[in-house]
Amino acid sequence: MKLVIGIVRPEKANDVLEALYRAEVRGVSMSRVQGHGGELDRVETYRGTTVKVGLEDKTRFEIAVSDEFVQPTIDALCDGGRTGEVGDGKIFVVPLERAVRIRTGESDQAAVTPVAK
Amino acid sequence: MSALPIAQAAAEIDTGDTAWMLVATALVLMMTPALGLFYAGLVRSKNTLNTFMMCVGAIAVAGVVWALVGYSLAFDGDGSLIGGLGYVGLNDVTFIPREGTTIPHLLFMAFQATFCIITAALVSGAVVERMRFGPFLIFVALWSILVYSVLAHWSFGGGWLAAGGTLDFAGGIPVEMGSGFSALAAALVVGARKDYGRQALLPHNAVYVLLGAGLLWFGWFGFNGGSGFSTGDPSVLAFVNTLLTPACSLVVWFALDLIRGRKVTAIGAATAIIVGCVLITPAGGFVSPGWAMVLGAVGALPCYAMIVWRPRTRVDETLDVLAAHGIAGFTGILFIGLFASLAWNGIADGLFFGNASQLGDQALAALVTPLYAFGMTYALLRVMGLFTSLRATEHDEAVGMDVVQHGEEAYASGEGAILVLPDADGEVLVADPS
Amino acid sequence: MSALPIAQAAAEIDTGDTAWMLVATALVLMMTPALGLFYAGLVRSKNTLNTFMMCVGAIAVAGVVWALVGYSLAFDGDGSLIGGLGYVGLNDVTFIPREGTTIPHLLFMAFQATFCIITAALVSGAVVERMRFGPFLIFVALWSILVYSVLAHWSFGGGWLAAGGTLDFAGGIPVEMGSGFSALAAALVVGARKDYGRQALLPHNAVYVLLGAGLLWFGWFGFNGGSGFSTGDPSVLAFVNTLLTPACSLVVWFALDLIRGRKVTAIGAATAIIVGCVLITPAGGFVSPGWAMVLGAVGALPCYAMIVWRPRTRVDETLDVLAAHGIAGFTGILFIGLFASLAWNGIADGLFFGNASQLGDQALAALVTPLYAFGMTYALLRVMGLFTSLRATEHDEAVGMDVVQHGEEAYASGEGAILVLPDADGEVLVADPS
Amino acid sequence: MSALPIAQAAAEIDTGDTAWMLVATALVLMMTPALGLFYAGLVRSKNTLNTFMMCVGAIAVAGVVWALVGYSLAFDGDGSLIGGLGYVGLNDVTFIPREGTTIPHLLFMAFQATFCIITAALVSGAVVERMRFGPFLIFVALWSILVYSVLAHWSFGGGWLAAGGTLDFAGGIPVEMGSGFSALAAALVVGARKDYGRQALLPHNAVYVLLGAGLLWFGWFGFNGGSGFSTGDPSVLAFVNTLLTPACSLVVWFALDLIRGRKVTAIGAATAIIVGCVLITPAGGFVSPGWAMVLGAVGALPCYAMIVWRPRTRVDETLDVLAAHGIAGFTGILFIGLFASLAWNGIADGLFFGNASQLGDQALAALVTPLYAFGMTYALLRVMGLFTSLRATEHDEAVGMDVVQHGEEAYASGEGAILVLPDADGEVLVADPS
Amino acid sequence: MKLVIGIVRPEKANDVLEALYRAEVRGVSMSRVQGHGGELDRVETYRGTTVKVGLEDKTRFEIAVSDEFVQPTIDALCDGGRTGEVGDGKIFVVPLERAVRIRTGESDQAAVTPVAK
Amino acid sequence: MKLVIGIVRPEKANDVLEALYRAEVRGVSMSRVQGHGGELDRVETYRGTTVKVGLEDKTRFEIAVSDEFVQPTIDALCDGGRTGEVGDGKIFVVPLERAVRIRTGESDQAAVTPVAK
């Protein structure tokens, strides 16, 4: 099992969800993050104070999947999240040793393999 | 600017009427920031400030233009199509009351100014989240003259509609229909938001919407109650109806929401308050409290229908100005022709009380105003579009208008923001945090 | 609806008094959305809209019911227990001033309507975060008749308390004690929130609370200052006391907060403003400015004690309407009996100035009102409970009332929201974002 | 407190003037919570409540102190430097109008009280995010006597400036220059925030700022329009100018923003509204509408320059009270000396209309007021600093003033908050959630 | 060492904290997330716009523990977070190679083993 | 490759960003979290309700780096985030199996090695 972390543009979040849905990846957790990458800083002014802001709002997906679902998940994130401009984001794959479904206590595959739902 | 001797002016002025009109004017001015709050709550957070700023921009631009020329065109003399230039630059606008009023002329002008301001601000609802701020300010300047001043002259300033007998107590013609049908034109010319119809674009703060609606209602008592320019019976009638009509609209809206979605919605309630206030705007001083309540209940139906139907079309008239103001104003204007009552307004009866001609006068205004407002606004924006692009790029729209148009965030956390320190000579150094 | 000739009415009307009462009425109506904001800030974010909507619902329902029957029951004739039906449907409510007033009758009715509205809205504070919206609206309709109109008749409409000499300037009896003790009954019948007493249920936005309190205070100047129905001395006295009393309550509240927790709290300050305004509501036009300041200082004590003590009980009277309105109103009513001064109010002295009987009259009201308000509200809700469930399920309570009762979120981000597109025939297709 | 027979008082009172002054007083009181909202939006979220509470604290403390002594020192008798003690404790402040006014004396006192309150609140803008709450309350008490009452006496209460012919319609001297230059002193004594100049400290909610500015403008109509204490021509002129001047300031501010950063900013617009209102505060009743518009446009320049320049210095006058009030008030006071017009104000012409001496009178006030306000405030805080520390520790500043000073969060989620249950005996048990 | 990630209902967050406290697990970081799983979508309406919302608010716990504390931590999350209805959430266990306490710079066990505090 | 997770004080976030910038670590994602650690609870009072709050606001950094950048990243987090008082926070290093740049689809080093940008 892997934990797939995807960071995408907020305006693409719904497209990603749609793509994941099509890939039959059901369980997903997402949150708001701010990211700094290759994008240019923007300048903001508040009265006499001028600031350079190097952070962009991004949406972070956290998706636990069984191994065979890693690639489909990555593809879904790419398809749904790509605009082709700097700032599209990144995907990170981390090993997942155990997964537990709190409701039932059942472990591992049972807790993440989408088909099991 | 010459001013006649103070004493002479004072003669005809009534302190009570003046006291009320001072308050009414302040209340109506307050409506525009309240509208900014209402609108800001209805858009996505990344467009919050831009939306609010369109209302602030309207105060600035329409306010100044009104004082310089708009007021004169609307209220100088009784030309049938447009007023004169006698009051340009507030020339001759002094303490001496206008014919038939008991308040200083200067105050009358200020009261009317707040109407022009909020009407221009209302139109912004059709183009928020995508129209560029600069072009919008220019639009406001021209629109307030080409559309508002003209309609105000027709209905309030002794123009052909007023002269022809059309009744409009507080602005169903210039304010409500004027803004509503101009909004439709603006939405068509500027075009839909890039994600309209394919993504969910939701109100980011419904509390702003509810509070904004509450403050708008509060201000509307000055708007309608002040349109008699005194504390006389018509003013009191319009004022009280401004309480009764929206209350009925709310009840009916609750019912319609229940029928449609089995839930009473908060955004719907806020909308119902606006619709109710608009419905009674033209009719306020002409119909009995009982009929005002009927108007609130019945008049809510077409507006509700329009609000449900419009999003199914390709027309991204974003904040439904047409439904809440255009249709409601239209309904209110016609309602006068049906249920105006001489016993209450001392001026004219409607069809229901035996005076069919009144309905004709009202229908005429209900026909001509939409055509003029829509046509002129459509032409104005088309022409403007020849010189500048009216809307932001897709990329800017995606980033959000606050950052792109104003270089600010509505809710800045300061995280990741590096201070730029200009030294005395203005040369720029980046702060070294350590 | 017949209206007597305009001219005749105009005769007795004073433009200054009318001007002030127009403003006062608008101010009091504004208080209800302000209360919605105040209450919305005090609840958890998932119940924000539902809480605000209870106030909006009160405007709609209580407003309409008042115009149809409530006003008549409260203000038609001087029956000792209840008014007549002469004004049902606003029949005979015209421009002609009521006996002893100098403003149009219609305006008087509207001013009183805003009192009924906000009183009903106040009661919601006891049942927020769990009572179902539909039953609440029905409750408001019945309660405004069974409780408010009755108490208003007793104290304002020539009923037995007023006839007996009890003094209540701006509603300590129907508004403050009426809402406060009804709130206690409502809390008992509806029951506590499922997590009450075991989890921390905190105000989600204290800025709403502070701004709401500020706007409520602003409105209260119309509430108390308008209760003389003129610009006369009693009105002015009540108005000025509405500035002095809350200021003193604030200072004392600061001190009590410091003693208790070594910190002055913002929610506490907002509460102190309300308490101060309530304290002076009944006494405003009867006590000298000096004694009004004493009332603000001393009267804060019992309210503070109640607010600290109540959460230790099993009674989830959620937003402490009893403490802030019931107890404060009770205190203010008794204070009149002690320190009313003929020199200032031209009507009666209190015990302190040698007139013991006045204290008796006040004590009677302070005894009867809580019993009636509590008893009738308790019975009403119990009966309603036989026909429908008054509160949401535990599951719904956990999810939050905004989503469950209104199908909306106060702060929607739009993320994860898929647009549902009904086509022209109303058939539903899901938007395909691509 | 003795009160003369009611009847006698009534004689000279005008109901229309009284109606307007009741409203104006309520409007000005409302300005202080509005200022709290405006200021709260400009600070970081962790200091939201503390910032708002400084305004609430000013209402409480300055309000009470004013009633007890401040009013007497400012408005009793015409001593040249300071008033008498005849009105201490509101003694002899009754319904009988003051010489030359047509409203109850009590109302006049209340109107003036709201001025003292908001002026004290304004000063807090210089020390937010770091000054301790307790010392601030003490500062307000002393400052309102030592600075405000004195300046108010000089300019309004028959003191030497007024006697000398200096004109100040609504408080350019005590309110605007008084707060602005005191703010500078306060910022210098209290010192800069620890991160000032090295980190980006941004406004956490620009919607609060815009709404706050809108409500402040609304209140300012009462502030300026009420300063004639009647509905007379000067009041109407000041009222209308309060609409025109800020509109022009907004337009110019837009232009300056565009030139400087190629973007019109929302915070800038909110600031421009305040600046415009301040500019016209002293001049409102003295200059023609045309010149008022010029004042709005031209007067914006020095304020804008100051706001851009100040943050480049070491002076953390956090919310730019000096620029928005001190400099703007200074400009407005001088403008009277240049463009006051007898034809409009019936009192005096300015240099431009041939009366050079008026400019002298104005210049004197513009010179002395800043010196007194700055000097006295500086000394007061220095002395206070000997007895208590005026500011929070670096650690507390980092944590945030809301939690440290008030034990509250502005936006509490309740997550991780464990309920502390005091049982009947007040002994504390921790709730066991299960 | 492991990094235990737990996603639970917001209304259960305090119960989970309590359970962790009882299990003597001291260090915890939590954040707000939105999750999609087996739960049914809900419908929301804003004026003429009707939407299907497939995301539920959840609270995400991130807890670094030494190996022997993995099971107690999982148990605490289950006990505190369970309601038995769909939507209770998931627990994910990820290998943790290094942990550093910023204040002292000390590494690994010292930085996470609760007892060490 | 590793995924470095750093939890620091919000008021130190900008210093950390600066330090990361100096260390030439470009890609960063950060978010708001609430943490419980060794710090003392604080008491808050709302009307009659008194609560003990055991959570402090923290800022969470998530940084994917190639192995040779792990230490510089940790150092940057420590330097930028340290105040020396309890509550400074923690750093966690998790193995990263794959990284993908959504814009281009390129994988691994290319997606994270800062120099590559």
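The letters A, B, C, D, E and F name the chains in turn, as written, and every chain counts its residues from 1.
We take it that contacts are C-beta pairs under 8 Å (C-beta built on N, C-alpha and C of every residue); 3 or more make two chains touch, one makes a residue touch a chain.
All values derive from a computational prediction rather than experimental measurement.
Under the touch definition stated at the top, chain C and chain E share these contacting partners: A, B, D, F. At the interface between chain E and chain F, under half of the residue numbers involved are used by both copies, so each side presents largely different positions. The centroid of the Cα atoms in chain A and the matching centroid in chain C are 49 Å apart.
Chain geometry summary: the mean Cα position of chain B and that of chain D are 31 Å apart.
For chain C, the set of residues touching two or more other chains reads 14-17, 19-20, 23, 27, 199-203, 205, 261, 263, 265, 267, 312, 407-409, 412, 414-419, 422, 433. In chain E, the residues touching two or more other chains are 14, 17, 30-31, 34, 36, 43-46, 49-51, 54-55, 85, 94-95. The touch graph of the protein chains shown is complete. Taken together, the chain C residues at the contact with chain E in this complex read 195, 199-200, 395, 398, 403, 407-409, 412, 415-420, 422, 430.
Contacts from chain C toward chain D in the complex involve residues 14-17, 19-20, 23, 27, 44-45, 197-207, 210-211, 213-215, 217-218, 221-222, 225, 230-233, 235-237, 239-240, 243-244, 247-248, 250-251, 254, 261, 263-267, 269-270, 273, 288-290, 293, 312, 343-344, 346.
Touching chain F in their complex are the following residues of chain C: 200-203, 260-261, 263, 265, 267-268, 271, 307-312, 320. Per the touch definition, chain B reaches chain F in the complex via residues 414-418, 432-434. Contact residues of chain F toward chain A in the complex are 3, 17, 26-31, 62, 64, 94-103, 105, 111-112, 117.
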